[in-house]
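Before anything else, here's the structure in question.
Should a chain be cited, it is by its letter among A, B, C and D, assigned in written order, with residues numbered from 1 in that chain.
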Amino acid sequence: MSLKTETMVLNMGPQHPSTHGVLRLELKIDGELVLDVKPHLGYLHRCFEKHAEAMQYNQVVPYTDRLDYLAAMGNNWGYALAVEKLMGIQVPERVEYIRVIVAELQRIASHQVALGSNAADIGAFTPFLYLFRDREHILSIFEDTCGARMLYNYIWVGGLSHDIHPDFVKKVKEFVSYYKATIIELDNLLSYNKIFIERTANIGVLPLDTAINFGASGPALRGSGIPFDLRRDDPYSIYDRFDFEIPVGKGLQGQVGDCWDRYYVRVREMEQSLRIIEQAIDHIPEGDVQSAIPKRIKPPKGTVYTRIENPRGELGYFIISDGNTNPFRVKVRAPSFVNLEVLGELCKGHLVADVIAILGSIDIVLGEVDR
Amino acid sequence: MYQFIYDLTGNVIISTLVTAVFPLVNVLIVALIGVYLERKISAWIQDRVGPNRVGPFGLFQTVADFIKMMQKEDATPTDIDGKLYNLAPVLVFTGCFAAYAAIPFSSQLIGSEVEVGIFFILAVSSFTVAGILMAGWSSNNKYALLGAMRSAAQIVSYEIPTALVVLSMVMLMGTLSLTKISEMQTAYFWNWNILGGATLGLSKFLLIPFMIVGFIIIFISTLAEVNRTPFDIPEAESELVAGYFTEYCGMKWAMFMLAEYGNMFAVSAIVSILFFGGYHSPFGYLGNSLGINWLIPYEQAFWFVAKGWFFILVQMWLRWTLPRLRVDQLMSLCWKYLIPYAVVNLVVIGIISLL
Amino acid sequence: MKNAEEIFNILKDNFGDAVIALDKDTPTEAVITVDPLKIHLVGEFLRTNEDMMFDSLMCLSGVDDANGKKVKDADGTDIIEGGTLSVYYHLHSVSLKHKITLKVSAPREDAKVESVENVWKCADWHEREAFDLVGIKFLNHPDLRRIMMPYDWEEGSHPLRKDYKNPEFYQGMKVPY
Amino acid sequence: MGLLDKEFSDGNIVIAPVEDLFNWARLSSIWQLGFGLACCAIEMMATSMSHYDFDRFGVIPRNTPRQADAIIISGTVTLKMATRIKRLYEQMPAPKYIISMGSCANCGGPYWEHGYHVLKGIDRVIPVDVYVPGCPPRPEALLEGLLKLQDKIRNESLRKKSA
């Protein structure tokens, strides 16, 4: 006797607790086994590129905030860097230092949400809250600095919108010493938890050549075992002055490039960010943060592509200027958008529960995927 | 208890009704306090405050939840299997409710003193599986169906180690009656089964390690049977939205919730009866030393409830600490580890009890 | 490590007419213009050649060049006739750490570009996006559907074109403010 | 109908306490539909977390619309998403409430002019009870919005709505 079986199509999202926003996944499943995953995007397509064409160069900055809303500083910076390159602006030392510090703080804050939501998807809800609690410290530092908790509009073309708060250095130092101790708590509670390792090790293994061919970047690429970091490999700003390591996936709990490796790379990256902040915080030179801001931004005709290492990977801005005050075309190479593409490849042959774990370990932000 | 009320009123119907209301009230109270405690405890674990606006310390939070749920619209989706859909919550609740009939809260306070108490409880609590399957199937929702299938596989599998441990205890004690099992572990904690039982001798000390293993096995498998983290796979929020009760709202959903918390207490009660002396106090009775006999049942009820709540608190503590297992890991834990260990445990306890 | 001129010369030697021009005048980056129907061959060569090793496609952008004639259509709305749509490819080599920008242009009315999806897998969604928002058709793409806009969005309406007109209603919802 | 309507037309000694009790229960246990749209969703999550703790007010996220009482539209609603939100709203059992969080959900926010794919205000699709302005609103603002919603519920009536 043979039983007739059918594959089932399961729509995950756009409203689903673990799709990190409004992603829709079309899973073809046989029982619990996933045969195929088709992501459907666009539920948060906010027309960034159209807005960029309609705005003046400096008016675009607030819109860049809303791309990767968990790492708004990085988005500001990438855009500012692209326009600065197009216009040939050299920004003052003080600005560079402040940018590095806020970007690294932002990287920590962003990884905290990424790790937390990854843990929450797997069922450990408490680390999620602990990470959010620590994130509030960073948000309060940013709030002192520029008055916003999430979307800062802080890094402008040629400078910053405000100088730092007088308490900034003190608060950052406090946070660094506090958080260095707290990361250990995270390791004890989650990273080496047996169930967590069981759920993530050997799941969603991303081989290196696939990762490169799919254009993966950031922790998703480094989890596969290559120390490729734009801060080191295509240095921008003053990152060449700092001493830091690039954590890579070593397959400590399973194969190289599994979910646990991607998770662990993020944890170690937070430590390295703390190191960079420690090195930079005492050397902020005096100066005016707005001295290099041009009165009128009108870059020459031409194209520019710059990329920076955002928490989620390589954030690229491709700007075409036709010599006007508005950009002719701005295209964002969003790291989440490219990293998400590999999801279908990773999920094949795993169970439904693993799809959640893999998606969490890739760490997407829908604002950036859909733009 | 039935006998007591029958003596008081002399009416079969009244005494049956009163006896039946007692477990119902108990389930309600357990659920009300349980939900509140769950929220408070999760809040404390997570560095939060928890409900504190509704009544003093948020004590009326669950009352408000309950009243709100009563006035919710009974929205039923189209294309459901109506009969099964409506029957499922009732069945799940019945399973939980009926189990309370045989649980001895004290030497006097027991709904029905059935001789096959533990067997009865194991049997009626399996209603839950049928109810959950019905709920998942009739909802016509893929998440619910997946959740129901997972749940059926999980509960059926984990009944085996539970039953094996229960069997070894029954073999040791020589009775199926929960009252007698409790009675045999007389007051004072060194007489409890976890410490080898009341009979002194070599076997008492030989038994201790196997009792601890048995306790761990039954605690893990009852955790799985009531769908608590790390085994809350049927209702895994982040995977299956809400599992088998995805399409239920208002009071029907509340029945599932009542049954969940009711079951939590029921399994904690069973664990404490089998291993921790049931309703017996760990250090003797105040009533005995003062010579007030009527005080003893109250003390017993207190200790029983306290033990039950202690295990519920442990369940909550685990829930807010651990991640969730995957469905295949859950099954392999059961079939590859718990059942073999339980069988070995059964054999060893059998040999020791022959000594 | 090779600069744009060397790469251009190597490509010119291998592909002749398919590689059209090298534009070095832009202030920041040199752009090599390639024949849109040969781009997949050029891409494959750049990825596999040992001196090039461009194993990573950083970015693929569809652009409406808006270099045609501005005319008014029957309703009196401005549309652009003629001109080109372009695609920019930003390549990068993880092993050799050099970068290059390629560009292809195709006529606006019937823009057809060969897909590079089977050269670099990540081009898949980028190309779908360029098709969706700019309206460039990629030949031999396995699944060329809209990606950002709803699947039932008006046929032939591509929002990032410079003469795009927003519809008044979508499924009964008013679109303009 | 007429007879009963007249009977209940104003504060009745039976109806009023029941009404108060029911309203109290409703406003004390507003379970939100756990779903986020965009940037505001992160602030909504932050509101549920340790620092601000939505649970104090009895608000917990439920992931299925069937068990939710309120839906917080947290972020930009696109045309593609609007149809889904409408469906989610219809799946919720009455009484149900909507909090529109953030400028995007209120009126399109910064995307009001060139957003060809952005719905300019969720109130074009579903009725809204409370608007919370801000881009994104701080958690305190969302809490204030919740308190406003509670005020609104407090004054609800079991009787037929007059207007």
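As a convention for this text, a residue touches a chain if its C-beta (ideal position, glycine included) is under 8 Å from a C-beta of that chain, and two chains touch if they have at least 3 such contacts.
A quick note: this is a predicted structure, and the numbers were derived from the prediction, not measured.
> More contacting C-beta pairs: B-D or C-D?
Higher C-beta contact count between the two pairs: B-D.
> Work out the mean Cα position per chain and let me know which chain is farthest from subunit A.
Farthest by centroid: B.
> With chain centres defined as C-alpha means, what is the inter-centre distance between subunit C and subunit D in Å?
Once rounded, the distance between the two centres reads 44 Å.
> Calculate how many whole Å lie between the centre of subunit B and the centre of subunit D, each centre taken as the average of the chain's C-alpha atoms.
37
> Mind checking the centre-to-centre distance between subunit A and subunit C? Centres are C-alpha means, answer in whole Å.
26
> Please work out the Cα centroid separation of subunit A and subunit D, and write it as a whole number of Å.
31
> Taking each residue of subunit A in turn, which ones touch at least two of the other chains?
Touching at least two other chains: 16-17, 42, 45, 47, 50, 129-130, 133.
> Can you list the subunit D residues in contact with two or more other chains?
Residues 49-50, 63, 80, 113, 116-117 of subunit D touch two or more partner chains.
> I need the residues of subunit C touching at least two other chains; which ones are they?
Where subunit C meets two or more other chains at a single residue, that happens at 148-150, 159.
> Using the touch definition up top, name the residues of subunit A that touch subunit B in the complex.
Touch list, subunit A to subunit B: 8, 10-11, 16-18, 32, 119-126, 129-130, 133, 189-190, 193, 195-196, 198-199, 351-354, 356.
> In the complex formed with subunit D, which residues of subunit B make contact?
39, 43, 46-54, 58, 60-61, 63-68, 71-75, 77, 237, 241-242, 246-250, 253
> For subunit D, which residues count as touching subunit B in their complex?
My answer: residues 21-22, 24-26, 28-29, 49-50, 53, 55-58, 60, 62-64, 66-67, 69, 91-95.
> In the complex, go through subunit C and note every residue touching subunit A.
Going through subunit C, the ones touching subunit A are 26-29, 31, 55-59, 61, 63-64, 88, 90, 94, 97, 101, 120-122, 124-126, 133, 146-150, 159-160.
> Using the touch rule from the top, collect the residues of subunit C that touch subunit D in their complex.
Those residues of subunit C that touch subunit D are 148-150, 159, 164, 166, 170-171, 173-177.
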